[in-house]
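Below are structures written as structure tokens.
One chain, chain A, links the two complexes that follow: it is found with chain B in the first and with chain C in the second.
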Partner chain A sequence: MSALVQYLITGISQGFLLALLATGFVVIYRVTKVVNFAQGAFVVFGGFITYSLLGAGVPQGVSEVLAVLASAAIGLVFGAVTILGKMTPTASLITTIGLAILSEAVAMLVWGTVPLTFSGLSGHDLHIAGIFVQPQYLLLIGASIVVLLVLWLVLERTYVGKGMTACASNPYAARLSGINVKAMGLLSFAIGGALGGVGGVLITPLFPITYDSDVNLAILGFAAAIVGWLTNPGLALAGGLAFGVSEELVAGYWSDANQTAVALALMIVLLLWQSHRRQQVEKLV
Partner chain B sequence: MRFLRSLTGANLPASVATVVIGAVTLILPMMLNAPDLITYVTIGLSTMVVAGLSLLIGFAGQVSLGQGAFYGFGAYAAAIMALHGWPPLLALVAAVAMTAAIAGIVGAVLLRLEGHALAFGTLALQLIFLSVLNQTPSFTGGAVGLTSIPSLTIGPIAISSYRSYAYLVWVVAAAVLVVSRNITRSRPGRGLRAMATSPAAASATGVNVVSYKLRDFALSAAFAGLGGAIYAFFLGYISPDAFPVMLSIEFLIMVVVGGLGTISGAYVGAAAITIISQVLTAIGTAPTLPPQLPNVLSEGVYALLLIALLRFVPDGVVGLASRITKRLLPTRWRPVAGHKVAPAPAPGRVVLEDAGSPDHDAAAADPGQGTSPAREALSRPLTSTDG
Partner chain C sequence: MVLSPAASGPPAGDGTGEHTPLLSVDRLVVRYGAAVALDDVSLEVGRGEMVALIGANGAGKTTLLNTLSGIITASSGAISCRGRLAHVPEGRELFPDLCVDDNLRLGAWKAASRDPADVYELFPKLRDLARRRAGYLSGGEQQMVAIGRALMAKPDLLAIDELSQGLAPNVVQEIGRYLVRLNADAGLSVLLVEQNARLALELCSRAYVLETGRIAAEGPSSHLKEQPAVQRAYLGGHVAT
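Moving on, here comes the complex of A and B:
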């Protein structure tokens, strides 16, 4: 029983990390129709930059905020490289793959190949349902909820958010009504970067990350985003939680080595279901 | 010269280049020492994989990040069958067929969705492949891999020396290139090209988009499986370490360097990246340098090449070279006029037909330039070129 609770808490925390990544995929895809392969790199940079700032003696909270801002800036640059100018969808996709490899090279050069971590929220472990839980898990869950809620408010209630939604539903009409579609695309990349940065800042104290953590993170985040058809943030959140929890349960009750393979097989099944659904839609049309 | 042109179907510079490359390719194995022969064989094997992937990206507009897995699957399938007593040649053929079948199954699902689904799906396939290899030591040798794989024998001839592999690989690579070229100039090839420009227009003119993409994908996997199977016989041992995710990305970079959808680009890209990677390793492994430097260098250079080429030279080295030679050469040696200046063809005759210009290959990578093949397809009936 206590093992199950442990797996659930770890799984839900992982799930929120995946949800942050998946939301980044969704925000960027909706506005630019680009699937950003380099999404996992934002997590790595968020974690590593915090680590370096803490090492330089910057206070914890300030380091974390600066790391998130830096990730947003990296996202902005990635967006500029990916969407500015005349790029075909295939070229954009391959460019983001290039950016992911470049990020790995930079991370390896600056921070080396050893897994890095830093201490998160201090305080005693909390006693929940018969097990002890590090407060950082609760911080990860709580902060993710707040970030996703704020993002939802921004997208639904502000002028800029509505502009992004307009670009998502009809870029041509959005441009005609005076919205700068490219600027909105860049903004979406910055938001994607910030979301990944938040994930990196929160997860690194719990699970040390390495320069090459980004591939697994990107692919699992994509899998979660696929649950929401890459456009629905709510379903992407549900997908993130489902993948996070099922991964932990597989690791806990079966084997560590199988967890990623099982999650990826699940993703392929999801894609199968989607393609089946699409065929039925085509039949109806 | 007429003969050369008809042989290569291309312009004079390209014909000369083909003959020179062919001659050098044949003479080189006699002059190289063992380590260089391995590089030479590796380039040939990569050429096979890259030719398939180039067809897939340049024509079907689909990116696969799992070619390394197909390469590995071909290697493991051939090795396991050969170790169980199958004649090596039969094992090779069966391995290629199995690789194509796997791609067919996966592709049937993923190719109905947008391009990114195949990219992530094939990457997932590669990670699952590596995980399965490590989990099944009794069958695949696990992390250690398989050793003492027999040499390839074709009838009574046993191919065992590096030099004989060098010739074998290049015969096969040349065959792969010829098959690829013929496909791009056949009706399916013209359909694929139309599809790359506008799937909707192609579909409207009667191109079965999903079926063409699926066949393209299965073929690209078969080429990768073929390269992998020969690799297994050539080296005699294989392990999961030989097929990392980075291998798939290297194949992708080779395609972009050579030029999306250009057949000769497969050879150029494979050779360029294989040689660059060896030079970078040589630079990075000098003493007193940090141990991760070779990886930093190669990944950094690959990434920058990928990003810069896509933005500034989307038709790759081959496209760039053909543009430069066109500008420099005297008029009478210039390539046969491409279809921008070609006189209007007779109705119903030149539907999606090849005008013998390398521009054509590049058109898939850069739909913004020249006449859109799909538009041509719309203006004339596609069926009239059949038969």
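Moving on, here comes the complex of A and C:
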């Protein structure tokens, strides 16, 4: 029983990391129609930049905030490369893969190939349902909930958020209304970068990251985003949690080596089910 | 169909075109690759004038409006607008998942005020629908939202693409009355792009006829209605009086 609780807590925290990534995919895709496969790189940069700033003696909180801002700025640059030209969505997608590879090369040059980590939230492990839990797990869960809640409020309740929704819904009408659709696209990339950065800051104390950690993260984050058809942040959150928990359960009760494979198999089943459902709806219409 | 401007007050334009042009388009050419969509198009809209642009499908009407709005870049020619232009696109093009109030407020993206009170005053029906998603409205209600959203930009010139498309005649008549009132009361200039020539010529004091990207005829609506070629092509061979 205590093992199950352990797997669930670890899985939910992993799930929120994936939810941050998936929400980044969704925010960017809704506004720009670009699937940003460089999303995992933001996590890596977030973690590595925090590590370097801490090494330079910058206080922890300041380092983490700066790392998130830097990830947002990197997102902005990726957005500029991807959407400011006149690329098709397919060409943009390939460009994001190129940016992910470039990011790995830069991360390897700057931070090397050794896994890096830093101390997270200090304090004694908490005793929950018969097991000891590192406070950092709870911080990851709590901070992710706060970040996703703030993002939801921004998108649903602010004028700029509604402008982003307008761009996602009807870019032509948005342009006619005077909204700068490209600027909104850049903003969405910055938000995607910041979400990844938050993920990197929160996960690196729990799981050391390397320059190529982005690939696995991007694939799983994309899988979670697909649950919401790349457009529904709520379903993407559910997808992230489902993948995170299922990965941990597979790793705990079966084998570490199979956890990603099982999560991806789950994604394929979900895609087939959604495709079947969509076909049924189209028949009705 | 009866849409006499006299019923709601006459349009401010006098049909002569002798106004300070609010909008002036000079020898505009737009190409899509090798195809010429607009060829040497020139037109003017005066302050407080209601001008129609009529033509068949594919004549280049929507291309012209999209060029005026900056969505399409002209190959050559000049556009001069001495005021704010707002564009009501063909098919309404609302934000279907946002409510009516949000749709209206987004029209004021570059305006100083985002309060839609004036639009609700013009279209009282929309006040009751303010929280309803735009995608769930009837065609006529959506057209009111589309016009209201454009009005939120506080334009001097309202360019409307296919006002009557997909709407019942009584709804078109109702919305047409609103436009005439706006023109008469607020001095708003209107460029009405329509396939329904009868409607356009009834509402507007002056008109242009666009055929395969070129201006084929222009003048006061009353004169155009009498031209046999216009009657044959756009008015079913006769004019209702």
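Following the convention adopted for this analysis, the second predicted complex is superposed on the first by the 284 of 285 C-alpha atoms of A that agree within 3 Å, B and C clash if a C-alpha of one lies under 4 Å from a C-alpha of the other, contacts with A are read in each partner's own complex, and residues count from 1 in each chain.
FYI, contacts are C-beta pairs under 8 Å (C-beta built on N, C-alpha and C of every residue); 3 or more make two chains touch, one makes a residue touch a chain.
Just so it is clear, the structure is predicted and the values come from calculations on it, not from any experiment.
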Partner chain(s) touched by A:G178 [first = chain B, second = chain C, both, neither]: second
Chain C versus chain B, contacts on chain A by residue: B
Which superposed partner A:F37 touches (first chain B, second chain C, both, neither): first
Contacts of A:I97 with chain B and chain C, given as first, second, both or neither: first
Touching partner for A:G112 - first (chain B), second (chain C), both, neither: first
Partner chain in contact with A:G234 - chain B first, chain C second, else both or neither: neither
Touched partner set for A:A166, first chain B, second chain C, both or neither: second
Touching partner for A:G85 - first (chain B), second (chain C), both, neither: first
Chain C to chain A touching residues, read off their complex: 69, 71, 86-87, 89, 93-98, 102, 105-107, 109-110, 114, 149-150, 153
Of chain B, residues touching chain A in the complex: 57, 61, 63, 65, 106, 109-110, 112-113, 115-117, 119-121, 123-125, 127-128, 131-132, 134-135, 245, 249, 252, 256, 260, 290, 292, 295-297, 299-300, 302-304, 306-307, 310-311, 314, 365-368
Interfacial residue positions of chain A with respect to chain C in the complex: 159, 162-163, 165-166, 169-170, 172-179
Residues on chain A engaged by chain B in the complex (per definition of touch): 35, 37, 81, 85-91, 93-95, 97-99, 101-102, 104-106, 108-109, 112-113, 215-216, 219, 222-223, 226, 257-258, 260-261, 264-265, 267-268, 271-272, 274-275, 278-279
